[in-house]
Structure formats: C-alpha cells, structure tokens
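Common to both upcoming complexes is chain A, partnered first by chain B, then by chain C.
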Partner chain A sequence: MRNYLIRRSLELIPVLFAIAFVSFWLVSKMGDPFAVLVLNPHVRPEDIQRLRHIWHWDDPLVVRFWYWLKDFVWPRQGWGLSTLAPGQTALQLISRRIPVTIAFSSTSLIAAIILSIPLGVYSALRQYSVADYILTFFAFFGMSMPTFWFGIMLIYLFAVKLHWFPAAGYHRAFFIINGVPVMFDKAPRWMQFLDEAWHLTLPIIVLTVFQVGGWLRYMRSSMLEVKSMDYVRTARAKGLPERTVIYKHAFRNAVIPIITLIGLSFPGLIGGAMITETVFAIDGIGRLTYNAVMSQDVFVAMALIMIFSILVVIGNFLADIFYAVADPRIRYS
Partner chain B sequence: MEKEVLLEVKDLRTYFYTEDGVVRAVDGVSFTIHKGEVLGLVGESGCGKSVTSLSIMRLVDAPGKIVGGEIIFKGEDLLKKSEEEMRKIRGSEIAMIFQEPMTALNPVYTIGDQIMEAILTHQDVNEEEAKKQTIKLLDLVGIPDPEKRFSEYPHEMSGGMRQRAMIAMAISCNPDLLISDEATTALDVTIQAQILELMKDLQRKIGMAILFITHDLALVAEMTDSVAVTYTGKIVEYSDVRSVFKNPHHPYTYGLLESIPSLLSERTKEPLPAIEGMVPSPYRMPKGCHFNPRCPFATDICRKEMPELKEVEPNHLVRCFHPVNVKEEVS
Partner chain C sequence: MANEDYVEGGIETSESYSYWRKVFQRLKKHKIAMVSLWFLVILILMAVFAGPLSFGNNPYSYIKSVPWAPRPELAPPGPGHPLGLDNMGRDAWSRLLYGGRVSLSVGFICSFIGAAVGLFFGLISGYFGGITDMLIMRFTDFMLSLPVLPLMVVLSSVIKGSLWTIIFVISIFSWMGVARLVRGEVLSLKEQEFTEAARAIGETPARIMWIHLMPNSMAPVIVAATLAISGNIIYEATLSFLGLGIRQPTPSWGNMLNGAQTFMLTAPWLMWWPGIAILVTTLAFNFLGDGLRDALDPRLYR
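After this line comes the complex of A and B, so read on.
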C-alpha cells in the first residue's frame, strides 16, 4: 500500500508537466496578450517591445515555457495587463479568489455524495416502485437541466419572487448591528459565516442538483447489478439478515465504481463552478477564469489552468486511494 | 434400513413469470432425503436442478416464484415459515455450496471474515471464539496454513482453495442438509476429485445429508445413495444409485448412460452414441411427454399425454409409457 502511494505520487509529476506544456502551447495560440497595448495611445511601440522582452514573449515557445514555469513555481510580481493589479502576482490574485469557490464547490460535492449514494441505493432496492420513478424523474431533471438556466430559474423564484435568498454576490457589504453599520470584515465570525452560507445556498443547490442526478443513476444501476451477484446469494444462503446482506455485502461492492466516477467529476465541478459563479456574480476563480480568457490574460489564465489541473489530478489521486481502500483486489497491483 | 426422513419435497412447482411467458422451471418435483443420505439430482443444464435447490432455501429471485407444493424439513413445511424463521434455518440447518467458487465469495472481504460471519449469525459465541472455530474449519477442509489464510482475500486463492473455503463456510454450523449445486463443475478434474473426497469424508464425519446436484453421471455413481434424473423440470427416473446405473428404465437416463465414454467397452471403435436433438425451449414445450421428440421409442400416446411417475420395480420410479430394460430384467 505504501509503495503504491509513493509510486502514484511520483507519477503525478510528469502528468502535471505534460498538462502544463500542452496548455501553455494552447494558451499561447489564444493571441498576443500585448496586442491590446497597440491600441493604447499612451504606450509607445518601444515600451511594448520592452515588455515583450521582459516577459520573454520574443523567445521561442520552449524557452518561454521554461520562464513561465519558473515564474509559476517562484512567482514574481506581475504587471497588470487587465486582471492583475500592478505589483500583484497571478497566484496572489488566485489565492484571494479561491476560498469562496472551494467553499461552495466542496460543499456541493459533499452534499451530492451524501444525497446520491443513499438515494441510489434506495431506488435500487425498490426498483420500479413509485419512489423509484419519482427519484428517476428528478435524476433526469438534474442531468438534463443546463446549469446556467437552472441557476437563473432559482434566482427568479427564490430571489426575485420570494425574496428568500439574495440574487448575487457571496456576502453583503456591511451589517447593521444595534443600528450601527459594521463593515463585513469587522463583523463577528459567526455573522460572516451565516451571511456567506445564505448567499451561497442557491449556487450550492445548482451545482449539487447537477451532480446528484448522474451519480444517483449510476449508484442505482451498480447496486442492481451487484444485488444479483453470486456472493450476495451466498450471503443470503448463510442466513444473514437482509440488512447485512445489502449494506455489508452488496453496498461495498456497488460503491467501488462510484468512487471512480466521483474522482472523474472534478473537472466538471470546476466547469460547473465557472458557469455558476458567472450567473450568481460570485468573485471566485471560476469567474476569474472566464474574465482572464476573455481579456487574453495569458498569465492569469495559465496559472488558473495549472491550479485546476492540480486539483483534478489530486482528485483522481484521492479517488484511487479510496478505490484501493474499498477494493482489496487492486491494492497490490 | 428405514431411516428418519429429513427432507421431503412434495409436488414442488417453481415458475418464472417472464415477459415471453411462464417458464415452468420446476414442475411437480417430489423426492425424499433421509438423515445422512446423499441424493443425486441429475440432468442437463436448464432442467431445473438449481431452481429446485434455491426453492428449498427459499432464495428464488423474481420473476421466479414457488407456486405450489410442500417442502417438509424435519416435519415442518418450509414454505409456511416466515422470512425470519427461514433466515435462521439458512446456513445453520440447511447450507449450500454454489457452482462458481470464483464469484460465490465476496471479493472485498477476507475468507476468514466471511466464514466467521456465518458462525456469529447462528451461534452464541464471541468473535475470538468464532475466529478459533473458523481456523479449525479451514484446517478441517484441508487448507494449509489456516491462520494465514484466514486474513486472505478470495482473489489470493486458487479455485480449489476457494471451494474448500466455501465448504468450510457451509459446514460451519453443522447443517443437517448440505446442498451442493454443481460444486465441483468449475474445477479441474484433479481438484474435483479432492473436493469430492473431502465432501464424502465430511459427510461421514458429521453425518449430514447431501443433496448433490450435478450434470455429471460419473460423479453421481461415486457420491450418492440414490438418484433423481430430471428433464424439463420434472423427475423422469428416481431410484437408488445401483438400480439406476444397472437398469436405467427411462430412455433419457438410458441415453445419458450410453453417452459416457468407457475404456472397458467393446465398442470403443464406434462413435459415442448421443441423444439426438436438444432440450426443448421452455417457452415451447412439446405436447405429451417432453422427451418424445428425442425419444427413439416414442409412440402416439407419448405425443398426447404426459406419463405419470410410476413404480416399475420396487423403489424404482419411472415417468415413461415404454420403459426400457424392464422385460429383460424380469426374464
């Protein structure tokens, strides 16, 4: 098990390196980040040349990639093309924006797991019952609903019509405590937390519904498949109570493919976050990515791509570990 | 030699209600097993052997359903028991070994855990005691180094070892009846012989009865006291093993025995005789005797009526209008 972990961790390095190079090549095809400056009457052509040189934009791709990699690992102060403030590095900007994204996407990930697995099992155990049909209906609803549209509908219903939840943002600017306005940052922690939770409820629902549908269906079919396995019959023939048969013998086998599926869903989670943040006007890294790509900010875009790649690779790595824990057959292979 | 009756199956009917129609997998099967007796249930695949055994355990899955008959075990009808009462019988009084040792064990739990589970379910012992018993059982079924094997997973064992573990699991609570459903079919011939030897040995030691299900007549001769030959969900011939092998009366049994290659036969140069045709589709059973399209002796009545299971010799039942070999035996 330990050797397996070490081997798997070492494998991550070339994978990330390859991702970095390929995406750097793709991003460099996105366009010239200095092109916007040509239109600026206050910037002289020599200055553009100088900037290109400082950022190694006049070097070949491989050389440029090397300098970029160095900058990524040991960041230096950036020059604000559009997204970056002067004197700010891409990583600094990202680290300021990332907590909110992680907060709501990890909450929805956990919520989706907690909902989809028991509901999938329930659906499988009562195959073709009314409950099964209702769950199936909602599963297909969740899977086929475009995230942005579902988000807008939730805003329309719960924010515009019912006023239960805010329509945008992830916290209010200030609180009124005892008639005195208090800035958000100065408010007590629990008030900050509650306010953020209140703001993030709708985005979390959108992302959760998006994931639950598919996982529920997978869990259901996996459970149905396992239920007719020989070893489940063996467990019954042993005289075990039905709940032991289902929750010990069938469940653990049925959940193994779902672990892989959840691991593979990480990129989708980030993609979903990008849309959700745009719809709900949340300043997380999803929205930052959208802005960086739209304004051809190569440096921020590349840094974000790398952060995403690392998250996805780590997600798959964790899934593999859970997989090995759940399934003894692959432990030593 | 009247022994106490352990299990009496009377007119058991298990049907499968599929979209294409009703499949009568088991259609009026009756047999009796005495204490410590080994009964062989023989037939081609798809003739209801496994469904019979699952019916006794009441483990027939939908769309299958036991629609009639009685299964009297130790004087009580199993079909009248509640699910909870039935659960207490499974594994403790009636245990079962399945065909595929590769898939019959749960891949994610250790061998020891899976055997111990049966002991902990049916006996009032703590885990330590159960573990001790499990290791003893593994030793009893001939698994070397049982303490180490206790914590191994099924995929770390060979097919023969897994089947031994299955047997250990089945006998863990000293059952009165062991159902062996093609338990050796998936194994190599040498391993098969070892497993059969082990089962016979344990049967003598523990004194349990065995319902031995197989398609292999050679194993029946070796293992069992009496034989029931099944064809399309019905018993066609039922007697003690000697009588069936010496004097098969049903043309089907006769054909099966004829098609066993023999080293001693004078006809070794001739091609091996085989029963013509195939088992009929469960959705299109022939009218009359189900064997009539394949039977060389079939007459008009065979194509019209299903014969009854009749005693043609003392304790030798045959379902046939024209039983073979009867006259020759008498003369």
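After this line comes the complex of A and C, so read on.
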C-alpha cells in the first residue's frame, strides 16, 4: 500500500507538468497582455519593450514556460495591468477568492453523495415500483438540465418572485445591529455564517442537482448488477436476514465503483461551479476565470487553469486511494 | 425486403440485418425511448423546415413596430409573434427554430466526430496493445483529467469565430469515453476465434479492425454517442450563454439566453423557451440512449 501511494504520487508529477505546459501554451495564445499599454499615451514604446523583457514575453515559449512555472511556485509581485492590484500576485488574488468556491462546491458534493447513494439503492431494491419511476425521472431530469438555465430559473422563482433567497453574491455588505450598520467583516462570526449559508443555498441546490442524477442512475445499476450475483444468492441461501444480505453483501460491493465515478466527475464539478458562480455573481475562482478570460487577463487565467488542474488531479488521486482502501480484493504492489 | 427468409444477400448480411431488426423491436417496447425518438424526429423536422414555420419572419431582421406594444424591443407575445420579440426587436419564435438548427447540428456533429476519433484510438489501442496502447491510454487519461469547461472557455476565446470552431472545441473533449469503451471491447474480441481466423487467412490489421472489430464493438459506441449528443448540446449552450460560443446575430439556444438574466424582470418569457427547448432535447436524447442500451444489450436489465 505504501509503495502504491508513493508510485501513484510520483506519477502525478509528469501529468501536472504536461497539463501546465498545455494550458500555458493555450492561455498565452489568448492575447498580448501588453496590448493595453500600446494605447496609453503616457507609456513610451521603450518602456513596453522593457516590461516585455522583464516578464520574459520576448523569449521563446519554452523559456517563458520555465519562468512562469518558477513564478507559480515562488510567486513574485504582480503589476497594475490586470485584475491584479499593484503588488498583488495572481496566487494571492486566487487564495482570496478560493474559500467560497471550495465551501459551496464541497457542500454540494457531500449533499450529492448523501442523496444519490441511498436513493440509488432504494431505486434498485424497488425496481419498477412507482418510487423507482419517479426517482429515475428525476435523475434524468438532473442529468439533462442545463446548469445555467436551472440557476436562472431558481433565481426567477425564489429570488425575484418569492423573495425567499437573494439573487446574487455570497454575503451582504453590512448588517444592521441595534439600528447601527455594521460592516460584514466586523459582524459576529455566526451572523456571517448564517448570511453566507442563506446566500449560497440556491447555488448549492443547482450544483447538487447537477451531480445527483448521474450518480443515482449509476448507483442503481451497480446495485442491480450486484443483486443478481451468485454470492448474494448464496448469502440468501444460507438463511441470512435480508437486511444483512442487502447491506453487508450487496451494498458494500455495489458502492465501490461509485468512488471512481466521483473521482472522475471532478472536472465536471469545477465546470458546474464555474457556471453557477457566473449566474449567481459569486466572487469565487470560477467567476474569476470567466472574467479573466473575458478581459484577456493572461496571468490570472494561467494561474487559475493550473489551480483547477491541480484540484482535478488531486481529486482523482484521492479517489484512487479511497478505492484501494475500500476494495480489499485489489492488491497494489 | 425486410424478410428474414430472404437469403440472397448471403448469410452474413441477412444475419446482421435481423440483428438490427431485433434491436429495433426491443427498442419499440421501450415506451419512453420511442416517445423520445418521435419527439426528436419532430424536432429535427422543425429545425429543417424552420423557414416555412416561422410565419414569414426571419431570425435576423428587426421588426419596426408591433401594434400591442409601444416599442418592438422586448415586446410580449402577440399575433404573428407567438414568443414575443427579443431585446433587438427580432422574432423570438423564428430565432428558436433557427437556433434549434445550430444547437442540434452542433450536438450531432460533435458526437459523430467524438465517436469516430474514439473508435480510431480505441481500435488501435486495443488491437496493437503494448507501447501503442500505453501511450494512447495515458493520453486518454490525461485528457480526462483536464478541467474541461475552463479550458473550453479559454480555447474558444483563443479561436473565436464560427460554428466550426465551436464544433472543434467541443469535439476535442468528447472522444475519450468512446476510446476507452472500444478498447475494452477490442481486448475481448481479438481473443475470439473469428479474429484469429481472419489473422490466419492473412488479412491485414487495418482490414481486421475495419471489417471485424469495428462492427462488433459498435453497440456501446452507439449508446455512448447518443448520450454524448445531449452533453454536447449542453456544452454548446453553456459556451454560447457565456458569450463564447455561437456569436450574434446567428441564433442558438444558448446565446438566446445570453441576456436573459438582464431582462428577467421586463421580459421573463424570453428565458423560458430556449431553456425548455434545451431541457426537453437533452432529456429525449438521454432517454433514447438509455432505451438503446437496453435494446442493444438484452442481458442487462438496467
């Protein structure tokens, strides 16, 4: 097991390296970050040349990639050209934006797991019942729903029409406590938390529905497959109670492939989070990516793609390890 | 001549003919898949005959005035304009029809390209094995571990432009599933007698793959490609919604929703129909794919 872990983590390095190079190459094709300066009458052409040189923009792609990688690992200060404030590095900006993204996407990930596994099992145990048909229909609904439109519809219904939830953002600017306005940062911690939870309810619903459908279907078919296995019949033939047969023999085997599926759906989760943030105007890294691409902010976009890739690769890695732990039949040497 | 006793075409044709007939008969029993199939046929016909169906309007022209609203921009539905007018004073119904053309073609073409590329890589990888297999599968795994949507967004902002750019951007990320499926099929097929027999009579690898392995690994590919259509339609809609896919003035279901949030209060009817169109289309493709899976593989009662 330890050797497997070590080998698996060593394998991550070339993958990350390849992803870094491909995304660097792609993003550097996005536009010239110095083009803005050309339009500025206060900046002399020599200065632009100098800046290009300082940022290695006049070097060949591979050299530039090396410097960029170095800057990514040991960041140096940014500049006032982009979304970045003067003296702020791309990583600093991202680290300020990343908590909300992680908070709401991991909440919805957990909610989706908690919902889809029991519902999938239930659906399989009561195959062709009314409940199974309803669950199947909802699963297909979730799989087919375009995330952004679902978000817009929820905003229309729950924010615009019913006023139950806010339409945008992830916290209010200030609270009124005893008639005195108090800035969000200065408010008590529990008030901050409740307010964020209230703002993030709709986004979490959107992202959960996005994930639940496919997993529910997968859990259902995995359970159906296991249910017809010989060892389940054997367990029944031994006279074990039905509960034991289902939960000890069938369920434990049926749930293992789901782990891989969850690991594989990390890229989808990131995409979903990106759309959700854009629709609900949440200032996380998904919306930051969209804004960076739209304003051709090359440096921020590069760092973000890299962060996303690292998250995906780590997700797959964790799923593999969980899989190895959960399935004792697999021997890693 | 759909007669099973009609054997003039040789045993092979007759058998493969009856195989697909059986598949279709099984599919016919799957009610919801058949409903979806008919619905999709109607939808495709509507997209094909978008011109005659749009009541003399066209999706690009500005309507100068309508009698029931002070301004043509964001006018509510009325006679001749069943879905109202959009923020540029264009007929929403005809944009929905023409948008369906774009969205459906993107879905179909991307899925076809994805299946073709996936078949190619899967066949080669499974048949040759060894280092070829390792390289292709590593590349497939690599592609599967990319953050797809952020990369699509970057890619479509790098190569801005036409329908074909979007098709290219989506197709790049839609072949990996098929490649893995086909590889798995080929790994088991190539151990069977008929492949060995083909090798024994000296057929070339290319011919074996094309004549023997590809048709036999087609069933899961068809299912995956059908399901992929709905995914591709959603990708196109999402990119167009973000303003990076199909560009104005060409309509697509996604870019019709591009400004929908802005007009949520003044013209909510504009955001309903394109979204419903996307939803029911992807739903139909998902149901059809599910029905096809059952029909093609009767051993699995999923």
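Just so it is clear, the second predicted complex is superposed on the first by the 331 of 333 C-alpha atoms of A that agree within 3 Å, B and C clash if a C-alpha of one lies under 4 Å from a C-alpha of the other, contacts with A are read in each partner's own complex, and residues count from 1 in each chain.
Heads up, the rule we're going with is that a contact is a pair of C-beta atoms (placed from the backbone, for glycine too) under 8 Å apart; a residue touches a chain by one contact, two chains touch by 3 or more.
From a predicted model like this one, the values you see are computed outputs, not experimental measurements.
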{"item": "Chain A as common anchor, with chain B and chain C clashing or fitting", "value": "fit"}
{"item": "Superposed model, chain A: greater residue contact from chain B or chain C", "value": "C"}
{"item": "Chain B versus chain C as contact partner of A:Arg233, first or second or both or neither", "value": "first"}
{"item": "Chain B versus chain C as contact partner of A:Pro241, first or second or both or neither", "value": "first"}
{"item": "First (chain B), second (chain C), both or neither touched by A:Ile305", "value": "second"}
{"item": "Which of chain B and chain C A:Arg252 touches, first, second, both or neither", "value": "first"}
{"item": "First, second, both or neither for A:Ser295, with chain B first and chain C second", "value": "neither"}
{"item": "First (chain B), second (chain C), both or neither touched by A:Ala326", "value": "first"}
{"item": "Which superposed partner A:Thr201 touches (first chain B, second chain C, both, neither)", "value": "neither"}
{"item": "After the two structures are overlaid on chain A, angle v-u-w for chain B, chain A, chain C in degrees (C-alpha centres, nearest 10)", "value": "70"}
{"item": "Chain B versus chain C as contact partner of A:Thr107, first or second or both or neither", "value": "neither"}
{"item": "Smallest separation of CA atoms, chain C relative to chain B, angstrom", "value": "10"}
{"item": "Residue numbers on chain C that touch chain A, as the complex places them", "value": "142, 144-151, 153-155, 157-158, 230, 234, 237-238, 241-244, 257, 260-261, 264-265, 268, 271, 274-275, 278-279, 282-283, 285-287, 290, 300-302"}
{"item": "Residues of chain B defined as touching chain A within the complex", "value": "57, 59, 61, 87-92, 95-96, 98, 100, 103-109, 117-118, 121-122, 153, 155, 166, 169"}
{"item": "Chain A - residues contacting chain B, complex", "value": "228-231, 233-242, 244, 249, 252-253, 256, 326-329"}
{"item": "In the complex with chain C, residue positions of chain A that touch it", "value": "15, 18-19, 22-23, 26-27, 29-30, 140-141, 143-149, 152-153, 155-156, 160, 220-221, 224-225, 264, 267-268, 270-272, 274-275, 278-279, 289-290, 293-294, 296, 301, 304-305, 308-309, 311-313, 316"}
